[in-house]
Amino acid sequence: MSLVTRAPAHSPEVDSRAARRGALYVAEYRLRSMWKWRRSIITDGLGNPILYLTSIGLGVGSLVNANLGPTGIDGVPYLVFLAPALITAAAMQGVMNEIMFPTLAGFLWDKGFFAMRATPISGGQIADGLLLAASARIVFTSVVYWLVLLAFGAVGWSSALTLIPVAILAGISWGAAMLAATANVKDDSGFISLVMRIVIMPMFLFSGTFYPLSTLPIAVQWIGWISPLWHATELGRWLSYGMAMPPWQVAISLAYLIALGVLGLILARRRFERRLTS
Amino acid sequence: MITQLIATSAAVEIAERRGTYPGAGVYAGRPHAVMQRAFIALKTSNMLAFLTGFVEPVLFLLAFGYGLGGLVGGIDAQGQDLSYAAFIAPALLASSAMNGAIFDSTYNVYFKMHYGRIYQGMLSTSLGPLDVALGEIGWAMLRGATYAVGFMSVTAVFGLVPTWWALLTIPAAVLIAFAFSAIGMAFTSYMTSFQQLNWLNFWLLPMFLFSGTFFPISSYPGWLQPVIEVTPLAQAVEMVRSIWFGQFDLGLAVNILYFVAISVVGASLTTRRLTALFLR
Amino acid sequence: MISANGLTKRYGDFTAVDGIDFEVARGESFGILGPNGAGKSTTMRMIAATLLRTSGDLTILGKDPSREGPAIRAHLGVVPQQDNNDAELTVRENLYVYGRYFGLPRSYLKPRIEELLAFAQLEDKRDTKIDALSGGMKRRLTIARGLINDPEILMLDEPTTGLDPQARHILWDRLFRLKEDGATLVVTTHHMDEAEQLCDRLVVMDRGHVVAEGTPASLIREYASKEVVEVRFGSDRNAEIAPLIADIGERAEILPDRILIYTEAGEESLQAIVARGFSPVTSLVRRSSLEDVFLRLTGRTLEDE
């Protein structure tokens, strides 16, 4: 047997195309492997909002409403109060799967990144591609979540163009931050459960998600202030039902989310390139 | 060599002594050897990941019991007027027993089965499949029960433990953890890909949210209540809650039987499956 | 110690081992030689009481593996084709835990582990985790582990496949010592040099059947000539030239990449080929081996899939 298929002629044009579009090739590869998980992504995307909204939103909500009256928090029902927090939390959680697992796999489990780096693709482009593919998942999760919220009457039509973008922004900047963090992991034993328990869980529980941050003792309110989930939730509540929020706070929250994303991606790119070439 | 003499006699003698018992082909009476392996592996693994397992239910207690509790106020349950924290504390204990047990008996077992080839190694010694099943289930049980005990100490510090009867929730947590690890390991042994295993979350999250953990089952419509009540975590929550508040009745006996039955079914399915996978 | 009669294993419709017979005596080093897929591992696993046979008789130390699995396994040391050391444990812990599976007491295991670490040349790796070991070290650890219960029979499934030549020689040396100590070994391999080195007696397996049985020397005497001439004329011309030179030796085999001429005197035969006006690209005269026996019996080489 002999090999007869020849590659298209090497030319400066072909070579530079690979170098330019590296991130897209990586994203394509990631989307193909996410496609194998489509059933679980869809189930998760639909199941998560339905479960949380019925159990906490309606179930616990009925206890809250019985205690405080139907407009006890910020002048809205508990479900409406909860909705912006849940959609951003879901966007941020969904991105974890698409960032942490492939990054650990690429550096440690199957070392796929090293194979990619042996082609014209750069380390930075691998990081970009991963985040790009993860963003697709964020968009999907956020839109589906919003539709379920709408069906539950937890948000109005007008929030489509405001609440969904906030959730997507939160997801992407959190994804970038996780990308930078995971790229440093050398020993993965217990890493994922550790992140879940000492970062994700506390953030989910203490960011004013289920109750206003101000109900917490001041000693633990700082968890909210540094938490991107809290900033995104505040923006979401302001946009969704007009929670009072001074303009300077809007500016800070927005700037915080953007800065987290940009900084995360810069660090991730640098870390990827360095780790794959040393 | 003297050491060789001991060896030949010990391993062979044990195996042959047991050889006369019924079931000698599946059980060699040494699940503790499998548990000992898990213990040694734990020492060399990431202790932090193990220790932080205690933290999770405590976080839920703080956030929901105290944070959300401020919005909920009191709740009428178990025939008393309870603070919200007091209401969810026993339920969180039940679910921490479940979570600890499930973690070791699903993801960890899946890994050992498909990547580590650990059971293949065990089953080429004189261990039988029932030893391996009981050893692994027993280990996961220990983990779940440890978390439950840890959580209980925290609730005691917060003054949420009403009576001394609550100490009896520890054996209850052991039973719950054993049952969940048995069924978790049985489930895992039938999974052939990571994707399939991931469907576990599909069951765990709704159980956690709907088992009367955060609000009483009586708030569901009448037709739905019995459906919820037969699910394992709802049974566990009900069992722990009634012991916690010192209410011993027929319902409790039903709960106990329920978990004994699950344990037996889980352990025998696991044994059958291990036999089919590694000894056929 | 082991006796198989009409031993058969079927996976669904596929018969992996098809009615094979053999006996292994105490102190013997018994080999199963065959290409990939011949049914060697399947046979080994049936002997190790980790795979049930479909039909036929099999007794190990007088016991039936389908009923007395644990009691048989207590006497065996098993080195599977793929290492399955416990990656969560260190080298020493692997040996200790494995010994505990057999129910062996600590007082025995402590000195035994030291002996085995020395035997496997892993003394300075005792506290290393498995991931950090080289392929050869992992293999030696698996063998040491198989010896933890001082087994009456040590089963080695392709002990050196995939190792580099140096690591193979270290391993052969260790196995040779066991043999000298009078251990009973059952070894599978698709390397004829390994079979020639380690086995007193062997069966040649192909597609689930035993196609020949004997000592390495007797098999070579029976199925091959004294020497072999290997000549290559390039992929396209081998088949074309073969008929023109086949009569030079006793027998010829045509492989895609070379022609083998079986003969009593290799150098002379090679000269005869050249004398007929054919000049091979490369040529080699060597003593014949079990590879040639296998080729004779099956028409295929051992490395063929």
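In order of appearance the chains are A, B and C, and numbering begins at 1 in each one.
By our rule, a residue touches a chain if its C-beta (ideal position, glycine included) is under 8 Å from a C-beta of that chain, and two chains touch if they have at least 3 such contacts.
Keep in mind that what you see is a predicted model, and the values were worked out from it rather than measured.
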Q: Compute the centre of every chain as the mean of its C-alpha atoms, then state which one is farthest from the centre of chain C.
A: A
Q.
Need the central chain here, defined by C-alpha centroid distance to the all-chain C-alpha centroid.
A. B
(Q) Please tell me the distance, in whole Å, between the geometric centres of chain A and chain C computed from their C-alpha atoms. (A) 53
Q.
Taking the mean of the CA coordinates per chain, how far is chain A from chain B in Å?
A. 31
Q. In angstrom, rounded to a whole number, how far apart do the mean CA points of chain B and chain C lie?
A. 45
Q | Overlap residues in chain B, where contacts from two or more other chains coincide | A | 45
Q) Touching chain B in the complex: which residues of chain A? A) 36-37, 40, 43-44, 47-48, 51-52, 54-56, 59-60, 62-64, 67-68, 72-73, 78, 187, 189-191, 193-194, 197-198, 201-202, 205-206, 210-211, 215-216
**Q.** chain B contact footprint on chain C (complex, rising order)
**A.** 48-52, 67-71, 73-76, 78, 80, 82, 84-90, 93, 96-98, 100-105, 107-108, 111-112, 115, 129, 148-150, 152
Q: Over in the complex, which chain B residues touch chain A? Could you list them?
A: 45-46, 48-50, 52-53, 55-56, 59-60, 62-64, 67-68, 70-73, 75, 84, 103, 195, 198-199, 201-202, 205-206, 209-210, 214-215, 219
Q.
Which residues of chain B touch chain C once you look at their complex with the stated criterion?
A. 3-4, 6-8, 10-12, 14-16, 18-19, 24-25, 28, 30, 33-34, 36-37, 40-41, 44-45, 116-118, 120-128, 278-280
